[in-house]
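Lettered A, B, C, D, E and F in written order, each chain numbered from 1.
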Amino acid sequence: MKTLTIVLTDGPYISEYAEIACKIAESALKQYQVNIFLYMDAVHIPKKSQNPSFFTSAGELFTGLAEKGAVIRACARCAAARGYIAEEETANGNNCEDYIPGIKISSLYELSEMLSKSDRVISL
Amino acid sequence: MRSVFYLLDTAPYGSEKAFGALNAAAVSLTRMHVTLGLYGDGVYLVVAGQDSKKLGVPNLSDILYSYGELRVLVHEPSLVDRGLFEETLIETVELVDEEDFLEAMESSDCVIPI
Amino acid sequence: MEQEEYDIFLLTKPPFSPRSEICLKLAARSENSRIYLAGDGVYHLFSGIERLTGCEIYACQEDLEARAIRDREKVTVPDNFYAAFIEDVMEHCRNMYTF
Amino acid sequence: MRSVFYLLDTAPYGSEKAFGALNAAAVSLTRMHVTLGLYGDGVYLVVAGQDSKKLGVPNLSDILYSYGELRVLVHEPSLVDRGLFEETLIETVELVDEEDFLEAMESSDCVIPI
Amino acid sequence: MKTLTIVLTDGPYISEYAEIACKIAESALKQYQVNIFLYMDAVHIPKKSQNPSFFTSAGELFTGLAEKGAVIRACARCAAARGYIAEEETANGNNCEDYIPGIKISSLYELSEMLSKSDRVISL
Amino acid sequence: MEQEEYDIFLLTKPPFSPRSEICLKLAARSENSRIYLAGDGVYHLFSGIERLTGCEIYACQEDLEARAIRDREKVTVPDNFYAAFIEDVMEHCRNMYTF
C-alpha cells in the first residue's frame, strides 16, 4: 500500500490547514496509508476540550482521522514547549493526557522516518 | 523518499520557524539526502557573526556550522534585494541563482516549506 | 499502458506571497502541470492564473463559494476536489509541491 | 482613547484573523469611534456574494452588513493590484486612495494591526 | 497614573511577541498601569507547564508580570476554541485551571473597555 | 516649558512586509518621527532605513547582536531600549504606531 505523509506546522483556527489536512487525509485513507506529523504550533491541534463557537473543533476532526487509521505523531520538543507532556502510554493509544485518543508525542526523528518511507509528502 | 528539500522563507529569531527548519533538516540527514533552501526573508540566516546570547535563544548560525554535511542553498536574488550582498556570510553555504535554486527543488523527491 | 504523469501543485497561499511566487515559477517551467487551488489559493483566479499556458487549473468548490468567486472558463471544479487531487498525486504524478 | 483604527491585511477564510478583526471592531463600537481599514490581502473581504456555508465557518460579509455603523475603508491600490476592481463589492464600504487611508490612520487615537 | 494597554495576537515560540511584550510591560510597570489583552493564538501564552528546551517559558514571563501588577485578560471565545475553559474564580486570582495565577478569561468587551481607558495602545 | 512631541513607531516586521510598507509611508509623512527597531525590525538597517530624512532611528542592542548587525552611523542604540521607548511613548508622543 502506498503511503502519504502530511506535515503540519500551524495551529488550529488561526489557519485553515488543520481542516484542509483533514479533508486530504479522509480522501487518502480510503486507499492509502496516511501519516501526519504535527510540528511547531500544529501540536495544539489534538488538544482535548476545544470548543470553538463558530468553527469545527480541530480535536474532533483529528479524533476521526486516528479512528480511521491515520498514524498521527506530535514533535516532542514543540509539544513540551507548549505544555503538552509525554508520559507513560495510556489506554487510549496516546501518551499525553491533554491529547485526544490515538495521538502520540514522539521524537522529531519520527518525521524523518515517516518521510523516508513515504511515496508522497504534503506540507501545509 | 530519498531526498528532501526544506524551504525556509521566514527571518530567523523573530519566529521559531528557522530553528524548526534547521532541526528538521538535521534529523533528516540520518536517512535522506537533505537540502535547506533559503528564499525571501530566509536568507537573513546566513549573515556571519550572529550572537543570540543576550536574546536568550539558540544561536542559529552555530547550528548551521555544526551540520557540515547539510547542503544549504541561498537564493541570491533574495539576498541582493535585502541588501546583504556586501555582508560577510557564513562560509558553508552555496549562493545560487534562481535557475539553480528551482532546479534543486525539482530534483528533490519532496519539498517541505516550513 | 503507461499513464501520463503530471507535475502537481497544491496552492493554498494568496497572490503576492513568496510561496505563490515560487509555485508559479515552478509551474511555468513544467510542460505538464496541474495546479489545485484550495483555501486562499483560489484568490489567484482574480489575478488570472487560468491564463498560465501549459497548465490545467482545478479549484475547490466550497472555497470558491466562500470567497465569492464565480465559475471561470478554463477552470475545472471537481465534484470531489480532494478525491481528484489525491488520485492525481498518488497515481499520476511526477513531482508534487505544496505552497 | 476615543477612536480606534483596526488594520486588517490578511485574506478572509484562510485564517481567523479577518473574523477576529471584525469581532474586535464590533465590540469597540459601544465605546469608541471605530474604523476598520482593509489593506493588502485584507481587501478580499469586500467582494460581494460570499457564501461560506459549505466551508462551515461564519459568513464574514454578513457580519460586515450587520454592523452598519462600522466605518470600513478599503485601500484602493491594494484592490486594483489584486484584480478586484471590476468585481461587485459590498456596498457599505468606502474605497479610498492611499492619501485618505493613511490620513484616517493618523487621525485615529490608536491603530491596531490584527 | 497613565495607562498602557498591550494587545497580543500571536502564540509563544512561533513569534517573539510574547517576549517583546514582556520587556515593554516590565519597563512600563515602573511608572504606569499596564493592561494586556490576549487575543486569538495569544491565549496560549499563559498556559501552565510550558517547558521549552531552548527558549524562555512564556508562562513564566507572564507569571512575573501578573505579580508586578499587570492586568492580563484572555478573550473567552478564543480561549474556549483552544480548549481553555473559564470556570468559577479560583484562589489564585484566575478562572481557568490550565492558566498560571493572575490571568483571567473574560469577554472581548473587556478589550474595548481597556482601550477606551488607556493613554496608549501597543499592538504586537 | 512645553516638551517636543514625536510620532513614534515601533517596527518589528522585516523589510518587504506590508506592515513595514505602511510604517515607512507614515514615517515619511511625519516631520518629527522616531522609529524604534526591535525584533526582525532591525533587518531594516541592511536596507538603509537610516537614510530616511526627518526621522531618528533607535535599535535594540540584543536584536542587533543576534542578527549580526554591527553599529551603524545615525542609529542610536540605547542602554535600555525599552525604557527609552516607554518614556518616549508615554511622555513625548503625538501619534504612536506599532507594525
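Everything that follows uses one rule, which is that a contact is a pair of C-beta atoms (placed from the backbone, for glycine too) under 8 Å apart; a residue touches a chain by one contact, two chains touch by 3 or more.
All values derive from a computational prediction rather than experimental measurement.
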item	value
Labels of chains that are neighbours to chain B and to chain D	A, C, E, F
Residue-number overlap at the chain A/chain E interface, same or different (half cut)	same
From chain A, the most remote chain by mean C-alpha position	F
Centre distance in Å when chain D and chain F are each reduced to the mean of their C-alpha atoms	27
Averaged-CA centre spacing for the pair chain E and chain B, given as whole angstrom	33
Averaged-CA centre spacing for the pair chain E and chain D, given as whole angstrom	26
Junction residues of chain D - those touching two or more other chains	13-14, 16-17, 40-41, 57, 110-111, 113
Interface hub residues of chain A, defined as touching at least two other chains	13-14, 16, 40, 55, 77-78, 119-120, 123
Chain F residues counted as touching two or more neighbouring chains	12, 39-40, 96, 98
Pairs of chains in contact (touch as defined earlier), listed by label	A-B, A-C, A-D, A-E, B-C, B-E, B-F, C-D, D-E, D-F, E-F
Residue ranges of chain C touching chain D (in the complex, touch as defined)	12, 14-16, 39-40, 43, 46-48, 61-63, 65-70
Complex contacts: residues of chain F adjacent to chain D	18-19, 22, 25-26, 29, 95-99
Interface residues, chain A side, partner chain E - complex	11-14, 40-41, 44, 47-53, 55, 59, 77-78, 80-83, 85
Of all residues in chain B, those that touch chain E in their complex	13-17, 19, 56-58
Touching residues on chain B, where the partner in the complex is chain C	7, 9, 39-41, 98, 102, 105-106, 110-111, 113
